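Structure in structure tokens, see below.
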Amino acid sequence: MKKIYADERWCLGCGLCKVYCRTSHSKTKDIIKAHKLEDPKPVERLHIETGDVMNFALQCRHCDDPKCVQGCITGAMQKDPVTGVVTNEAERCVGCWTCVLVCPFGAIVRDEGKKKIAAKCDLCAQTGEPECVKHCPNNALIYEDRGDGK
Amino acid sequence: MSLNLVWPDFLVERDENRCIQCEVCAKQCANEVHRLDKDTGLMVSDETKCVDCHRCVAMCPTRALKIRVNDLEFKPNANWSGDLIKEIYKQADSGAVLQSGMGNPKPYPVYWDRMVINASQVTNPSIDPLREPMETGVILGRKPPKLEFDKNGRLLTKMPPQIKLDVPIMFSAMSFGSISGNAHEALARAATALGTLYNTGEGGLAREMYKYGPNTIVQVASGRFGVHPEYLNAGAMLEIKIGQGAKPGLGGHLPGAKVGDAVSKARMIPKGSDALSPAPHHDIYSIEDLRQLIYSLKEATDYLKPVSVKIAAVHNSAAIASGIARAGADIIAIDGFRGGTGSAPTRTRDNVGIPVELALASVDQRLREEGIRNEVSLVAAGGIRCSMDVVKAIALGADACYIGTAALVAMGCHLCQTCYTGKCNWGIATQREDLEKRLNPDIAAQRLINMVTGWKHEIDETLGGMGINAIESLKGNRLMLRGVGLNEKELEVLGIKYAGE
Amino acid sequence: MRYVIIGNSAAAVGCIEGIRKNDKNGLITVISDEKHHVYSRPLISYYLAGKVSPKNMAYRKSDFYEKNGVEAVLGKKAVSIDPARKCVTMDDAGCVSYDKLLIATGSSPFVPPTGGLGGQSNVFTFLKYDDALGIERLINRDSRVIIVGAGLIGLKAAEGLAPVSGSVHVVELAPRVLPTILDGESAAIVQEHIEKNGVVFHLSATVERVIGDKKVEKAVLKDGTELPCDILVMAVGVRPNTAEAKAAGVSVNRGILIDDKMRTNVEDIYAAGDVTEGTDAITGEKKIMALWPNAYAQGYAAGTHMSGGKDGFAGAFPMNAIGFFGLSIITAGVQAGEGIETLSKYNDETGALKRFFIKDDRLMGMILIGDVDRAGIYTYIISEKIPLSGLEKKLTDDGFGLMAFGYEKMKERISS
């Protein structure tokens, strides 16, 4: 399946991926309203690790055997059997953070806005074109199928 | 402590209705202008550090930022501008020589903008470049005065080495050290894709770049940085740098802060030491000495590669060029006073040298009068800004043009002129690893290719409009130009008529 | 192929999903003494607090059994297992035969003998949905609730009941809350936070006797303190439901003994979930690790092996993600033991605590209070036994992440 891969040679740690991720997961999909008006504020679904020179963005790896799905106490975390995308059903999530406890990539973001929800990358399933990849100014995120059967 | 009289050059205007406090501007400014104030939750800007490079403006996702010139108003004075006053304050503070990057920004006349181009109407009809082939390729190198053939039509005359370019545009000399490794990589890849050449400048050549050799001009400058036999043989052409348009009469200067491991290795100098190229080559004190160096380089490369000599455009350019042609150079590059630099004394950059348009015209004219125009190809450099400057340069007599500033602008440069600080926010004029990564060669090379391709199509259109289908037919074809807003003397030096004549 | 599962919670669902990955056609029967469609046990406290609707109590969607070809026998009890005849006898005398059997009967709360306690209508344990429904029928804004046990279940009950009752008192034998997973200092932080939300603790205390005939009206502590009571919740501990297994000849210690393929000593009988006694992957000790993710994973491994698959069970160690009144807590592995050194970081501003337990250059356990972001990376370091001296950052450093693994390993991880 197509996944988002980071190219740490070019990531500047600028944070634009986070800005567009939040906008993509907002109600209005308007970048200014999403950040200034919406309540609860939309949360980005990725982490950026920064170093002196090297940086990279990390999204959910949509694992074959997702530990988050296995551990989820409500059944809100699910892996789509057809597309392979792992998503969290916000309505059923109670923010227990078991997924945070088990994800070996630390990919889950804790949304503690109004209701506690585990926020995670869904490969922008609604549009099929991940916003972070689209708006990265330096080609540091690639959306491709690496054909490794995963 | 005395009062700081130097006021900020620029003001940062932020539209608070658009700012989403994402801090991208803060993270991306190497001059640390922006930051998030924890108490107010708003972004604040220290405009004293701003150099107007527009990195924050370009990166801001909501276009909330604008940089304005801080035009502190003095009592009107036609003689003393605000800039002159500020420069005195700076020198009163530091006692130092004022430094600048990029080319002469002063309002001297730009002759390209005072020449217009002919087009066909009625007789000698236009040619449609979409239907007819347009030859924009040029061949650089010394041409023998006549060709001899045997009775079967095979060439008997031994040809000096020639280089074919697919477009009459090459990338100018910009040293590794003044610009980043990623910038060089992008220039090399673009040159290869476009079928032209890029120039190493005086910074030597890293081993990893030898693979682009067929599209490389290796430069030998007064500091002889990185010059060794393998280096000389790695390129397709050699260039002796006598002078540079931005700082005629001076040598190169790379501050020690920009000399890291890679630069040290390429230039063969200790890490962290200032790389100062002397003003003259200390083994060239006469035209005979230049001839000796030209032939030493030809010997070292088995006479397989053309040797170019680059001079700054100065008062006696025509006589100098004549001497250089007779000294055995295959190509002469003339760099006008608008040429860029990573670092030069401001006063030199702004006051020394002459416009390339005038130098080019006078050199071409002199060589023709002496009957030796065929012995060298002429390359014009120093402020070639668009495809029409290329067309006009060729019409004045150039075989091809070098572009430096235009190439950097294509890669993202915003001409803030602070290259010498090494904090280029676009990853171009810097050696800092964290800043260099901002220039992704994949993206930058494509932008260079796109720009030159666009220029090439514009040249095709213009040639076709003139009714000619080859660059060769435009070369030195002064009748295709007319002057506007030029006086008699200027017309005479340029060798063109006035519009309407 | 006929698969029978006794139990209808996490392990059962894991088993069904494990089987169906390899065997789309075999018959699966699930037997449970609870009437409900499979629900998520940990959610009963959320239900009481009004945070989860009845619809969202379900662990899997309503068409789960149908879609997976499962015959669900609900509200009936399996009373005995005959390994020789390979059949399970029900409480209605019916017999269900099997080719492969999974015992996933979980555990039941045990109620310690307490003077005067027996048959009162306002006494509850806190494990099943029905327990919550029972409490819900009784509770009102003035109810005085007493919870015995300040472990995971007791405190979750306190969190669920505090917003809908008059008062909540928690009585605990140990001198600190969450005694099995927190140390003294971290327990004090948690206790203070819960107390701020109106819960009253009586530590180092037990309920010696209760007063009241049809209903408990008072609980009397060992030190003589008398607490008025409208609802009494016993959350002292649970015992695995091993009786039927033991009677059938399955080896049982405190829990049913299993190998790494979830097999018991009896052929074709497997066990998974809270009823089992597994091996702690960190210490090597045999212990009951009654955790939801563990139960699912064991069930899944059992289902895989029952249907001829190969993937083993990766091994488990104790780990918990839990929150009380907005304070998040994550713990894993061991907190104490010989040769264990502690590495802590306390954030004065936020009150967050990160504490790591290290032995022989390996991370053995952790307690995270408040700042639990990306805890899974530490869990990975524990389970993969990554040498800490090879990491490029200290565990307590800000921004600790995959970069700490060094370039090669980090690149491998982010490219997966």
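Letters A, B and C name the chains as they come in the text, with residue numbers starting at 1 for each one.
Quick note on the criterion: a residue touches a chain if its C-beta (ideal position, glycine included) is under 8 Å from a C-beta of that chain, and two chains touch if they have at least 3 such contacts.
Just so it is clear, the model here is predicted, and its values are computed rather than measured.
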{"item": "Pair of chains ranked first by number of touching C-beta pairs", "value": "A-C"}
{"item": "Chain whose Cα centroid lies nearest the overall Cα centroid", "value": "A"}
{"item": "Euclidean distance of C-alpha centroids - chain A vs chain B, Å", "value": "45"}
{"item": "Euclidean distance of C-alpha centroids - chain B vs chain C, Å", "value": "71"}
{"item": "Chain centre separation in whole Å, for chain C relative to chain A (CA means)", "value": "28"}
{"item": "Numbers and ranges of chain A residues touching at least 2 other chains", "value": "none"}
{"item": "Interface residues, chain A side, partner chain C - complex", "value": "5-6, 8, 47, 49-51, 54, 56, 58, 61, 63, 67, 70-75, 91-92, 94-108, 110, 116, 146, 150"}
{"item": "Parts of chain C lying in touch with chain A, wherever the complex brings them together", "value": "14, 40, 42-43, 46, 51-52, 56, 58-61, 292-293, 296-297, 300, 319-323, 328, 330, 332, 372-377, 379-380, 399, 401-403, 407, 411, 413-416"}
{"item": "Complex contact set, residues of chain B against chain A", "value": "17-18, 20-24, 27-28, 59, 61-62, 433-434, 437-438, 440, 442-443"}
{"item": "Contacting residues of chain A [partner chain B, same complex]", "value": "9-16, 18-20, 31-32, 35-36, 52-53, 135, 137-139"}
